[in-house]
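Got some structures for you, see below.
You will see subunit A twice below: alongside subunit B first, and alongside subunit C after that.
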Partner chain A sequence: MLTSILASGLAVGAIYALIGIAYNTMFSASRVMSFTAGQLGMLGGVLGSLFVLRLGLPFVVGLLVTLACCALVGILTEIVAVRPVLKSLDQHLYVLSTLALALMIQHAVAVLWSTEPHPFPRVFGPASGGITDEKFWLPILTCIAAIVALELLYRRTLVGRAFLAIAEDNFAARALGLPERDLRIASYALAGMIGALAGFAGGALLLAFVGNGPLLNFYGFVPVALGGLGNNRGAIVGGFALGIFQQAANFLVGGIFSSVAVFVLFIIVLLAAPQGLFGAPATRRV
Partner chain B sequence: MSVTRRQFAVGSAAAAGAAAFPFPRPAIAQSEPIRLGWLAAMTGPSSAPAVGFNRGVVWAAEQINAAGGVKGRKIEVITRDTQGDPTKAVNATQEMISALKVHAVWGPTNSGESLAVTPIMARAKMPNIHPCVVDSLIDTTKFPNAFRLAPSNTQWDDAVRGYCLKIVGAKKVAIIGDTTGYGVAAANASATGFAKDGGEVVYKANIDATQPDMTPDMLRARNAGAQAIVVWSTSTGMDARLFNTRATMGWDVPFVGHPSMSSGEIAGLVDKPANWEKVYAIGYRSCSYDDAGKLPQRNQELVDKLKGKVNLADTLLWWVAGGIDAVNLVAKAVETGSSSGEDIIKYWNSVKKYPGYFGDYTFSPTEHNGYPTEDVVMSAASTAKDGTFKLAPGYKA
Partner chain C sequence: MSVAQAVDGAAGTSRGIGVPWRQMLPLAAVFAAAAFIPFVSNDYWVLIATRAAIYWVLVSGLNLMIGFAGQLAIGYVALLALGAYTASVLAAGNVLPPLHPFAALGAAGLAGAIFGLIVGLPALRLRTFYFAISTLGFATIVTQIALAWQSVTGGGIGLPGPELPAPFNTHWGFYYFCLVFAAFCTWITFNIAHSRFGRALIAVRDADVMAEASGISKPRLLATVFVFCGALAAIAGGLFATLQTYITPDAFTFDLSVLFFIAVLIGGRGSILGPLIGIIILTLLPEFAAPLAAWSTFLYAALLLVIVLVAPGGIAALLDFQSRKPLESNRAIVPQPALLDHVLGGSKARGEIALRGVVLSFGGVRAVDGADLDVRPGEIHGLIGPNGSGKTTILNVISGYYRPESGSVTLGGAPLEPGRPVSRAGSGIARTFQTPRLVGEASVLENVMIGGMIRGRASFPEALLWLPRQAAEEGMLRARASEALRAVGLESLAHVRADRLQHSELRFIEIARALMAQPQFLLLDEPAAGLAADEILRLGQFIQEVARRGVGVLLVEHHADLIFDICHHVTVLNLGRVLASGTPAEIRVHKEVVSAYLGG
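Coming up: the complex of A and B.
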């Protein structure tokens, strides 16, 4: 039982963590919580299946095209749902605009693709079914690779430092001559690719299914809230913890109650630490 | 011309008296076509059944018309695409009753739409025959005009329970539904039925259809001693995960239940074809083939006739057969002399063992569930062949 909890818990947790990072990447660049993050994950699975299984593209090409498509969806999100509401962030109109876009994506996929789950291509041969199956370790490996790549991007490249600068203080960054709008668009494209990676790596586990959009939107947001808005390390820890806790709850109290258990824990944590486990309390200079 | 108060009073009374008598419903004129309204969810997420039914409807109407019609009158099928949306179904029904003045309505093809339109058709006394499974859609007191051509939920439930208890010999069962309204209601009804018939429900659960790992529930079912797992879900993803988990656990328990378990999409979702074996989904005797690959004679002849004219490879034979039967039941009513909606209802109420392709229907004024329960059988889920399935083991062919 323990191995099963760990295998599927860590795998699902890795997917949640990546969706959480996608949320954070968009939030850092715009202060907007874009509820399209889960749909990006869903698109990663659906497009991966479309390009590799249905259209027969080689796996690597399929992955690259999926990443490119989701980057475009990220850019579209910035243009359609985020940019128009940036001037009135205090009114939280972005909740409506990003949710509306998420719903449009969801319905478009349902009409153009299918409402039924479809198989996802296997990278390393047929399924073994056991805990050594790629559906369990591939999401974890992908999550680790994404974390390392992001760390390198943020710490070792000029563009990465520019991302951090606008995340830290976009007014100051603009005053220094950084192209804030272009960097914001690039951040949304990056978030699109991270979301796509989550769906692509988790495709064998979650299948290519339109219903994964709302699921990932929901469960991908929990690690962000637990870990602190904009805090990627918090999202990673929160994602893995959520996956393991959810799977343990499935074993201990049953599927229908596991969601309840997850959200009871979520509320308790937020009551104890409203800024998230790894977030700093909001301060205001007076 | 002046009108006196007395004349006005007499005129008003006469008008009121005339209004008290209902206008006679138009009888079917001897030469006009028989207009059959067809409410079909031809597009949208739940369009597969309507697409299949439609093939049968079109084929049957063409056959009758090519043979000169019914007593010289052609069948005119008037189709409205309801897209699975109850609002559109209501609008189409109103149009069929008020503007198109159809003689009978076939459909809708899903219960959500049917729940919305059945009372409307009852008010208009419109003869209506449909294949929807929700039990409450048939009520001879409230809806004396509504007839069901396919089995009800209860008949499905009876068939599944009968197969588990009497044929598989599984007295201890686990019942798994999804978390939709249908999944919860069907699982509860199934559990009640098993308890009533002497079975023991050792484990019952409702699982979110998107849950990626089914191991926890399958382990609980095994530890509880389940000898069969009854599944009530329309989610093929959930079905496939259950089958894959069973294989990983090395457990050979049979799955019995909802027809979605025989959906062709599952072939791509199971880790290997063997995982789909020992899975028995609800099917129909008329559309099930035996060990020799033969259908019952009537339907073998139908399939031979349809070959090259109606595509059966991407649909189910019972959908096509049901569409044919619906058209034929209306045609038969007219052939036996029905000249109004009330006559059609009267004829249907008198039907006993009508030999349709999907089943032998029997209706009466107090029973409008026309499909014989004994013809609801289990099919071996992975054996689809031109819209038919192999009869599950244990039945007499």
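Coming up: the complex of A and C.
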């Protein structure tokens, strides 16, 4: 039982961590928490199933087209729901604008695709059923690959450093002449691809299902809240911890109470450590 | 005077200062019209109207939370579901002995109150997004539980809703029951909106720092509203279950949440009529656009996006004809200090504010480095110094926003609790801000009344039902706020939205708001900044009159002339330390002060 808890816990944890990173990528570039993060994960699964199973595209092509589509959704988010409200950040208009866009995405998918869960294509042959099944290790592997790629991007490339500069101090970065707007758009495209990866890699586990949108919105935000806004390491640790906690609760007390347990944990941690376990303290208000 | 006449006419009461009951007329008209629906249509439309009434029970509470307090609860369908299941399960008696349907409804309200509070807990300490997500999370798990907990909820098969006793068990009977209850909810939320609690909610939403300085405890206020909204939503859920006659988890999709949430936003913030129209439109829309039914939630979301981007004010802003009338252009602020006796109410200071060895650093910078300072009753104490010398920081230490690392801050010998700005108003300390912090969407009079929050004694339930103490107190607050506005010379603008005023007027409104608390000490942070020369002169005279009535004034200012004209004592700061302290005459000739700050 322990191995199944670990296998499924780490697998869903990897998906949550990736959604958390998608949240963070958008937050770092714009100080906006976008409700589209979970929808991107949902789109990854739905589009993957659409392109590979229904349209019969080769697997790699399907993945690439899915990534491209979600990157476009990310850019659309920036243009439609983020840029117009950036000036009034303190009024929290972005909560409404990104929520509106997220709902539009979700309902467009519900009407045009289906409200029922659909199967997701197998990548490496038929299911083996055990804990060595690809549905368990694929998300974990994808998550690790994404983390490594992001680290390389942020540490080794000029563009990546510019991302960090924007995240650190937006005004100073602009004063240095960094193209803040272009970098923000790029960040949203990047977040789109990260979200798509989460949904694609987790497709076998979560299926191509429109209901995954709000679910991933919540479970993807929990690691961000635990780890502190904008903190990717916190999101990764938080994501895996959440996954294992949830699956352990699932096995031990049953399905209903695992979601209750996660919710209770979420509220308790937020009340005990409002800035998250790794987050920075609040800024000056007066 | 034309402005005054225009707005007094619009405010609509004979005395000009009462609660604007006239705003209730359109609400009453809507309900009166609704009462005729059964006579002019068939059972189907009665059903639709019943549904709208039930939705409004929930939305009227949600409106206080979203529209007034600015807390974006997006998953409120969860509380509707909670109430529906609680009422149904208790009335059906499949867990406990069956309850009377009305008792079951009451129990649902109680459950809703409890869970409304639990879901709201993150909002008490964290920013908006956390609350939005926690309500979203709650919405997803409630449906899961309803599905999985078969022994109680019937799982996917569901269970029958409570059936009300005669005469409420017919279409007509149930409709009128819901309609009367919805009207009652309208009335009590109207009462809250026009009480000190309603003003405090808007203050927390738009100017939370100022709200704290006025003695408004955000956690306590929000917790009260969460309990209230949760109860209303769950009662609406119980009625919803009766309307449906049979409930399954499918009945409580997230789309319903979106509907409630968007109704408030389409209606407009801080309005009751707007969201009422909003929920009516959104309930009726699918009936008239049947081919689009599948896309309805998509369209609601698109509508939300358009509203946020294009018309954040919603329907309420469209109906606000008052704010489109031009204001008189050459207005002058002419304070009438003689009225201060009445405004300040003759409260006497118990001692002096004393700072001893206060140290505070931000990162590596010592913003205040061992400062001593005394503010005595009836004395104007000037605090001057170059930018970054720690003037405002000291003011923030006294008003509790910053917690000094060492040193003491006392009032009359008793320590002032550090880091608790909300306690200062009660200790008799009021303040203004360097950048005026007002609620732009509220009227000038309402802004001033926010300052009197701590003078209110009537509780939230008393305000709900507008009991005698609440009515008396509200009248008193209005009268005193009008008096304070007259004292600072702005009574002609009492009913104008604060965001339409000029900068100098905002400064005087802030002072009027501070005076509403009848403070023993008044802390002014650069009150003359941005004022014209003649306004500065009147401001100076006004501050002197305030001090003459026993109020201790701490004046942070850059206008050296004003400082030297009116202060009894001046402290000069440099790099967080006291460079000099003495009478204006001593400071004016102090060598280091002249070279470091005054120049010459």
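Criterion: the second predicted complex is superposed on the first by the 282 of 286 C-alpha atoms of A that agree within 3 Å, B and C clash if a C-alpha of one lies under 4 Å from a C-alpha of the other, contacts with A are read in each partner's own complex, and residues count from 1 in each chain.
Throughout what follows, a contact is a pair of C-beta atoms (placed from the backbone, for glycine too) under 8 Å apart; a residue touches a chain by one contact, two chains touch by 3 or more.
Note that the structure is predicted; figures quoted are calculated from it, not measured.
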Clash-or-fit label for the pair subunit B, subunit C on subunit A: clash
Greater subunit A contact set [subunit C / subunit B]: C
Which of subunit B and subunit C A:P274 touches, first, second, both or neither: second
Partner chain in contact with A:V61 - subunit B first, subunit C second, else both or neither: neither
First (subunit B), second (subunit C), both or neither touched by A:S8: first
Partner chain(s) touched by A:P84 [first = subunit B, second = subunit C, both, neither]: second
Contacts of A:L205 with subunit B and subunit C, given as first, second, both or neither: first
Contacts of A:P119 with subunit B and subunit C, given as first, second, both or neither: first
Touched partner set for A:L101, first subunit B, second subunit C, both or neither: second
Partner chain in contact with A:L215 - subunit B first, subunit C second, else both or neither: both
Touching partner for A:S259 - first (subunit B), second (subunit C), both, neither: both
Subunit B and subunit C contact sites that coincide on subunit A, given as residue numbers: 215, 254-256, 259
Subunit A contact footprint on subunit C (complex, rising order): 70, 72, 74, 118, 121-122, 125-130, 132-134, 136-141, 144-145, 148-149, 209, 254, 258, 265, 294-295, 297-298, 300-302, 304-305, 308-309, 312, 362, 392, 396, 401-402, 433
Residues on subunit B engaged by subunit A in the complex (per definition of touch): 45, 179, 205-213, 215-217, 219-220, 235-237, 240, 244, 247-248, 263, 265, 268-269, 271-272
Subunit C contact footprint on subunit A (complex, rising order): 33, 80-81, 84-85, 92-93, 95-97, 99-101, 103-104, 107-108, 111, 214-215, 217-218, 221-222, 225, 254-256, 259-260, 262-263, 266-267, 270-271, 274, 284-286
Subunit B-facing residues of subunit A, complex: 1, 4, 8, 11-12, 110, 115-119, 126-127, 129-130, 205-207, 209, 211-212, 215, 247, 250-251, 254-256, 259
